[in-house]
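Both of the next two complexes hold subunit A, though its partner changes from subunit B to subunit C.
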Partner chain A sequence: MKELLTELLMEDKTLIHVPFGDGFFDIYHSVVVTWIFMAVVIALILFLTHDLKVHNISKRQAALESAVLFLRGAVSGMLGEEAAGYTDYIVTVLIFIGLSNMVGLFGFTPPTMDLNVTIALSVMSIVLVEAAGLVKKGPKKWLKGFAEPMPVVAPMNVLELVIRPLSLCMRLFGNILGATVIMELLKHVVPVILPAALSLYFDLFDGAIQAYVFCFLTSLYIKEAVE
Partner chain B sequence: MLNISVVNIVCTILNLLILYIAFKKLLFGRLDEILKKRQQEIDEATDAADKAIAEAQASKKEYEEKISFAEEEKEQILADIKKQGYEEYEKIVDDAKKKGEQIITEAKHNAEVEASRTRDKYAADIKDMVIDAASKIAATKHSTEDDLSLYDKFIDEAVSSKNG
Partner chain C sequence: MSLTALGAAIAAFTGIGAGIGISIATAKATDAVARQPEADGKIMKLLLLGCALAEATAIYGFVIAIMIILFS
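Our next item is the complex of A and B:
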C-alpha cells in the first residue's frame, strides 16, 4: 500500500529528457499526454467542421451545433450577461479539464493528476479574472476594489489573489489524485468487474464534475470581477 | 508528482492557449459564421414576409375602396339610365300624341272635303234633273193633270235616284 502511494506520488514524471539545464527543461508525462489529446481533439474538430452548411445540414453538423450551443448556453448562464465575452475560453477550459480527467479511460495517466497542470490552469484563471476586472473597471477602480466593502478587509482581498487559484488548483489535483489512488488500490484488491463499475464514477462522473466545478468557480469569479 | 517545474507550467499554459485559439478559429468561428448566415436568412425571410403582408393588406384596402366606388358608380349609372329612359318615354308619348292629333286633324279635314264634294255632286245632279224636267215640261203640251203627273214623276225619279 505504501509502496503503491510512493510509486504514484514519487514516480519519475519525466518523459522527454532535455540533455542540458540539469533537468530544468525536462518535459513531463502530463504535457505529452496533453499534446496527444489536443491533437486528437483538433483533428476531431477539423473532421466535424469540414463541411458546414447553412441549409440541409448533416446529422454530424446538427450534433456539433447542438453540443456547442449547449455548452455555450450553460457557461454563459454562469458568466452572466456582462462577462459573456469570456464564454469561449471557459468552454475551452471545460473541455480541456474534462478530457484530461477522462484520458484515464484510455490507459493514460490523467494530466490533471500532475500539480503543474492544475497550477497552470489556476494561474490562467486568476489572471483572466483580474484582467476581466481591470478591463471592465479601469486601473483606478480596480485598485479601489481591493478596499471594498471597507479598507480593513484589503489584506484579505489581496490574499484572495493567492487563495482562489490555490484552492482551484488543489481541489482539482486532489480529486483526480484521490480517484486514481482509490482505483489503483481497488485494482489490487478486486482485479475484475468492480474496477470497471467504479471507473464509471471516478473517471467519467467525477472527472466531469471536477471540470464543471473548476469552470463554475472561474465563471463566478469573473462575474464578480466585472460587476 | 509534487515537484513543480516552471517549464511544464508554461508548456501547459501554452497548450491551453493553443487549444483556445484552435477552438476559437476552427470551431466557434466556423460555427458562428454558419449561425450568423442562418440568422440573417431568417431575418430576411421574416422581413420579406412582413413586407408581403403589408403589401397584401394595402392592395386589399385599395380593392375594397375600388369596389365601394364601383357600387356608387353603378347606382349613378342606373339613376342616369332611368332618367334617360323616362325622358325617352316622355318624348315618345309626346310624339305619339302629336302625331295622333295631326292624324285626327287630317282626317277631319279629309272628311270635310269629302262631304263638300259629295254635296256638290248631289247639287249638280239635282240641277241636271231640274234642267231636264224643265226642258221636258217646256217641250210638251200640257194640262193641269199633266203637270201634276209630271211633278209626281219628277219627285219619284228624284227620290229613286237619290236612293239608288
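Our next item is the complex of A and C:
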C-alpha cells in the first residue's frame, strides 16, 4: 500500500530537464500531458470551425452550434444575468477539467492529479471572483462587503478568501487521486474485466461530476460577488 | 506500522459523516421532486452543490489518511 502511494505521489514528476542558468528548468509530467491534449483540442476546434456558413449549414456545424449553445446555456444559467460576461471563462475551465479528468482513459496520468494544477486553477478562480466583485462594486463598496452582515464576522469573511480556493483545489485533487488509487489497487486484485467497468464510473462519470462541481462553485461565488 | 494503520483507519471514519449527509440530502431531494416534479432542475442543482460540500469532508479525511501513511 505504502509503495503504491509513494509511487503515485512522491515519484519525480519531472519529465523534461531544460538547462537554465546554473540549474535546471523542470517541465512536469502534467504540463506535457496538458500540451498533448491542448494540441488535440485545438486541432478539433480548427476542424470544427473551418468554413462556417449562415445558410445551408453542414451537419458538423449544426453539431458544433448545439454543443456550444448547450454549454453556454448551462453555465450562464448558473451565473445569472448580472455575471453573464464570465460565461466563456467558466466554459473553458469546464472543458479543461472535464477533459483532463478523462485523459486517464487513454492511459495518461490525469493532470488534475498533480496538486500544482488544481492549486493554479483554484487561485485563478478566487482571483476572478474577487476581481469581479471589485469591478462591479468599486473599491470602497468591495472593502465594505467584508464587514457584512455585521462587522463582527469580518475575520470570517477574510478567512474565506483562503478557505474557498483551498477546498476547491483539495476537492478536485482528492477525488481524482482517490479514483486513481482505487483503480490501481483494483488492477492488482482483479486484472481483467472489472477495471473496465469501474473505469467507466471513475474516469467518465466522476470526472464529469467533479468538473461540473468546480465550475458550479466558481460561478456561484462570482454570482455572490457581483450581487 | 500498526499504529500508523490505525491512525489512517480513524481518519477514514470521516466517510461516515459524508455518507449520512449525502443520503439525507438525496432523500429530501427525492421528496421534493415527488412533490413538485416541475422544479427538478433547481433541485438537482442544489442537490449537487450540497453533495459536493458534504463529500468534501470525506475527501479531507482521505487526504489526511494518505498524509499519515506517507509522512509517519
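By our rule, the second predicted complex is superposed on the first by the 222 of 227 C-alpha atoms of A that agree within 3 Å, B and C clash if a C-alpha of one lies under 4 Å from a C-alpha of the other, contacts with A are read in each partner's own complex, and residues count from 1 in each chain.
By definition in this document, a residue touches a chain if its C-beta (ideal position, glycine included) is under 8 Å from a C-beta of that chain, and two chains touch if they have at least 3 such contacts.
Predicted model, so just to flag it, every value in this text is computed and none were measured.
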Could you say whether A:Y201 touches subunit B, subunit C, both of them, or neither, answering first, second, both or neither?
-> neither
Partner chain(s) touched by A:L64 [first = subunit B, second = subunit C, both, neither] = first
Touching A:Y89, do we find subunit B (first), subunit C (second), both, or neither?
-> first
Should A:W142 be classified as contacting the first partner (subunit B), the second (subunit C), both, or neither?
-> neither
First, second, both or neither for A:D114, with subunit B first and subunit C second = first
Does subunit C touch more residues of subunit A than subunit B does, or is it the other way round?
-> B
In the superposed view, which residues of subunit A touch subunit B and also subunit C?
-> 9-10, 177
Show which residues of subunit A lie in contact with subunit C when the two form their complex.
-> 1-2, 5-6, 9-10, 78, 167, 170-171, 173-175, 177-178, 209, 212-213, 216-217, 220
Complex interface listing, subunit A residues touching subunit B | 8-11, 13, 24-28, 30-31, 34-35, 38, 41-42, 45-46, 48-49, 52-54, 64-65, 68, 88-89, 91-93, 95-96, 111, 113-117, 119-121, 123-124, 177
What part of subunit C is in contact with subunit A in the complex they form?
-> 45, 48-49, 52, 55-56, 59-60, 62-63, 66, 69-70
Subunit B to subunit A touching residues, read off their complex = 1-13, 15-16, 18-20, 22-24, 26-28, 30-31, 33-35, 37-38, 41
